[in-house]
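Given below, in the form of structure tokens, are the structures.
Look for chain A in each of the two complexes below; its partner is chain B in the first and chain C in the second.
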Partner chain A sequence: MSASGPNPPGTPQVKSLNCPGCGAAITLRSFSQAVTVVCDHCHSILDAQDPRLAILQKFQAAVDEDPPLIPLGTRGTIRGAAYEVVGFQRRTIHVDGVPYSWHEYVLFNPYKGFRYLTEYNGHWNDTSILRSLPTVNDNVSPATVTYLGETYKLFQTTKAGTSFVLGEFPWQVRVGEAADVSDYISPPRVISSERTGKEITWSMGEYIAGRDIWKAFSLQGNPPEAVGVYENQPSPLSADTTALWLAFVGFLVALVVMFIAFESFARNEQVIQGFYSFNTSVRGEASFVTDVFPLRGHTSDLELTTTSDVNNNWIYLSYALINQDTGQAYDFGREVSYYHGYDSDGSWTEGGHTDSVAIPSVPPGNYYLRVEPESDFGHGTISYSISAKRDVPQASFFGIALLALLVPAGLITWRSMNFEHLRWAESDYAPAGSDDDDSGGANRPISLGNLFGKGSDS
Partner chain B sequence: MTQPTANCPNCGAKIVFRWSSSVQTVCEYCKSILVRTDIDLKKVGQVADLPPNSSPIQIGTEGIYNRQAFVAVGRIIYEYDQGTWNEWHLVMNDGSAWLSDAQDEYVVTFAATGRKLPPECRVGQRYTWDNETYTVTTITKAHYRGLEGELPFQYWDKQDVVFVDLMSTNGKFATVDYSDETPVLYLGQSVEFDDLKLKNLRSFEGWS
Partner chain C sequence: MIRNLYVLYGIIVLGTLATAEYRGWSLNSVDEVKNVPRSVRDNPGSYRSVYGYYHHYTGGK
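Entry: the complex of A and B
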């Protein structure tokens, strides 16, 4: 320090000046970095580089019009560095004659310079000027820009005018001046180009939740509720749907492998088959028991099939599968019925001749069946057969497993597509129709229709 | 390291050179602009009061760029329609570089001689130097506003200057200085404040 001479540069101090228009106090919080400063008393825009603060413009505004949600002078921590709110502007666009406004906060740190917060309907972005040029590709529709290897899609192009200002700005701000603004999105980021005259300024915003801003600036109360879906708002379904469907395909393959393994290793062994007849004209106890049959191997299912030649008739069988050694019984009832006829719509049939049921997890042992047939009295003799197979692979279990995989993946994807649909509904470059694959497909995480169809067929 | 010293021909104050190759310096006491000759220092001009400036950098600020240590030994101050900016003259082991500080946006550049330069530029035009393509982003009309410390060339009594700034798509930066008849190209890149690992910075009231 001694070498720097007898007059080391002083420590810059926050300057308090007076507005040449109305005499009100003006504070210069960004030392000498601001180009313009606004008198919030008489709404004069002043030359901050001029020691006399020459008036550059006066604009009309109501007293306390548009008070900033984060007051000027508030300090907060953004990305580990302290920043002070030094300026505030409202910018307005007109869509079909309807004005829409958002707010921009100018933040300052004496070492790191300026950065910005923008707020629209409770949606916030942390924005800074780009130090490198994005590559614009306008041969595609919508146009894209590439920045540091990432592609951003054009979302909207508007003419944004400055409609209200407060505090300090590092540029020549004027109320009423407009710039052509284009937003290119790759949520949670947005790259914006602002063109005034020949020069283009590029900036990048990153979506930030209102509650994080409130925490960073230690603000009282709650941030305004975010309304709707904002252009670069990240989907709340943080799951990447492409990864989700890749995982789905992975599980599907595993499931098919399991299914094939079960198919080929299953014993599928016939353990009993018997042919019986039931005379419905005989009153009294019709129940009987079968011969004892062994169920071998590990605990597995038993598939019992009942076949009957019923014709415009029904037979109901009360079954009990009884373990001879332990006395454990599995009770269940099955019905076989078949009806057919002819009416004004033509011929019809209902029911069938066969019924199958799987009794899961039957331990090995010696078993017999107790069977009690029932039907309407006096319909002659009904023939029927009973057969049972041990260790039968159950395709339906795999169907259920498939559904269990498909339903959440489909639901998340549908909700995510719905979110993207709401996002792009606000864009000038919204896909033409939500089902049109050519223009809209690229916006979607994955072409869903096909995968979905494949999944439900298998 | 022994630093070459001399006395100010105007006020007699001791003049210490931080860099042996400096061609010009400014007396810290009487603000005389002094040019080195073979035998002594010659006063060629006088620096008027410097505009208020809140660059966090000052003469003597040290830092690191591309693993090379540097120290700021001098600066040129320009004024344009967005206020003022500083071109800090950095001295490194193997020569000088420039650290531009405009509203705390930092760019380090090195003079690049021998490249072909257009006689004039327009915004949006592209040029390629050293296998890097640059696009003209801004043309700044400015005027010389003051000097401090040591410079690698004679520089005083300037008026209006024109700088053409160019950017590449990967952070590279170029400036063409059209102040003199022969334009001078500077090539470098934008840098983050934290990456420069600056020491001996100015302090700001209310900020620690």
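Entry: the complex of A and C
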């Protein structure tokens, strides 16, 4: 869509007549193509095919009760063609006694004919009459129609009545006339059938943003805010969920390959191992240092494991990994404790004999460990061992990465499913457990597809 | 659009993972101390660790 431009060459001028009911001037914009025209002064529906404009129907309505958002006579460009708004009607359905209304605008181009815009709660559709019949399949639930290779699911069927008309129409419009309307959706498109008597009119609508309508018709201000989820409103996410999970599978494969690669190529080099004992009955300085050991290769972690034979006891070791050359130290403390017993619940254990810690990003160099054991006084001698390995892959990061990849994909899928749930909650085929009333009447995405009665495109 | 963003995000996640594994990042925290005197090797008791003098809870079950 684009802003309106000059009229196409040869565009005929509008024709002015007078209403036989009130004498007010009647403007015919679609010329001989209009079947009925409505006097906006006395609300007489006139026969536009009759040179005398015979009155077909009069109805009571206040024009300002529901004025069109796009004034009649406004011109804009849709799909590269200039159109003029020539007609406006309000359609209404009743659900549990509550009326729900939407608006339909009749657009006319002398070369292209008629097309329509529908609006409900800020949701717009660009609609035109189908030129061939879709294939209906009633043997499935919900029923489907197939058109140009695309399958549309039945969303709802309802009886819609015309409650207000203004301007020109390419069919014999009447206020109060009703039709059975069925909407089949395949977002962003909707195919609607409108049955009046034995006649069925099929039309197709495509969801369009209000701001695009405003731009196309150069309208002032902003379009009304779209409320709720409309029947054929495209989900901002659903089209992407399959591709998203395919990407996730790709990342999962990459993750496994990376895990195998890091496990295979990591140095995993034991750099120190020592066996020690700590006499808890002796007071005094217990700290000591190990021999110097080299850490080679690039900056990587150092996994230090402490193992002790503690039995209903604990040992705490203050560690300092000190670079002999630079004086840089990594200070940390680890505890090994193990308790066990038996009570009314049976046997129990707490803690363990081994503790491991990964010291992050240790540059290469010559290091030694300063170790200071602590425990309760007077519990005898505790034996323990210390071993350290250089460049050990951390499996926890793979778990975190897996979670980091899974969570957004899951959230987006959940949001997409929620969008579809909200869409279908208002249909005749709402999922079990959904409640129409939950979303409020204002959000009910009633049929607005394309209820243009007997009108047909040129 | 969402897929492209997700792919970009996934590449960043895997890139960060590869960096973390290669550079030896860890979830464990340690305190870094600068300029530890060489005399510590000869006199380990002269070093005062911030993790020293641990008060252990011995409650058990």
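Everything that follows uses one rule, which is that the second predicted complex is superposed on the first by the 396 of 458 C-alpha atoms of A that agree within 3 Å, B and C clash if a C-alpha of one lies under 4 Å from a C-alpha of the other, contacts with A are read in each partner's own complex, and residues count from 1 in each chain.
To be clear about the criterion, a residue touches a chain if its C-beta (ideal position, glycine included) is under 8 Å from a C-beta of that chain, and two chains touch if they have at least 3 such contacts.
All values reported here derive from a predicted model rather than from experimental measurement.
K.L.:
Looking at the overlay, does A:D376 come into contact with chain B only (first), chain C only (second), both, or neither?
P.N.:
Touch partner of A:D376: chain C, not chain B.
K.L.:
Who does A:S300 touch here: chain B (first), chain C (second), both, or neither?
P.N.:
After superposing on A, A:S300 lies in contact with chain C but is clear of chain B.
K.L.:
Based on the superposed arrangement, let me know which partner A:D343 touches: chain B (first), chain C (second), both, or neither?
P.N.:
second
K.L.:
Does the superposition put A:R131 against chain B (first), chain C (second), both, or neither?
P.N.:
In the superposition, A:R131 touches chain B alone.
K.L.:
Touching A:G97 in the superposition: chain B (first), chain C (second), both, neither?
P.N.:
In the superposed model, A:G97 contacts neither chain B nor chain C.
K.L.:
Once the structures are superposed on A, label A:G113 by its partner contacts, choosing first (chain B), second (chain C), both or neither.
P.N.:
In the superposed model, A:G113 contacts chain B only, not chain C.
K.L.:
Where does A:F262 make contact in the superposed view: on chain B (first), on chain C (second), on both, or on neither?
P.N.:
second
K.L.:
When the two structures are laid over each other on chain A, which of chain B and chain C touches more residues of chain A?
P.N.:
Of chain B and chain C, more residues of chain A lie in contact with C.
K.L.:
Can you give me the overlap between the chain B contact set and the chain C contact set on chain A?
P.N.:
No residue sits in both footprints.
K.L.:
Can you tell me which positions in chain C touch chain A when the two form their complex?
P.N.:
1-3, 6-7, 9-10, 13-14, 16-18, 20-38, 40-41, 44-45, 47, 49-54, 56, 58, 60-61
K.L.:
Please name which positions on chain A make contact with chain C in the complex.
P.N.:
It is residues 236-237, 240, 243-244, 247-248, 250-251, 254-255, 258, 262, 266, 285, 287-289, 298-302, 312, 314, 316, 318-322, 324, 327-333, 335, 337, 339, 341, 343, 348, 350, 357-362, 368, 370, 372, 374-376, 391, 393-394, 396-398, 400-401, 404-405, 408-409, 412 of chain A that touch chain C.
K.L.:
So in the complex, the part of chain A that touches chain B is made up of which residues?
P.N.:
1, 3-9, 11-14, 30-35, 48-49, 82, 109-114, 129, 131-135, 146-148, 170-172, 198-200
K.L.:
Going by the contact rule at the top, pick out the chain B residues touching chain A in the complex.
P.N.:
Touch list, chain B to chain A: 16, 18, 28-29, 51-54, 56, 58-60, 81-84, 103-105, 123-124, 135, 137-138, 167-172, 190, 193-194, 200-207.
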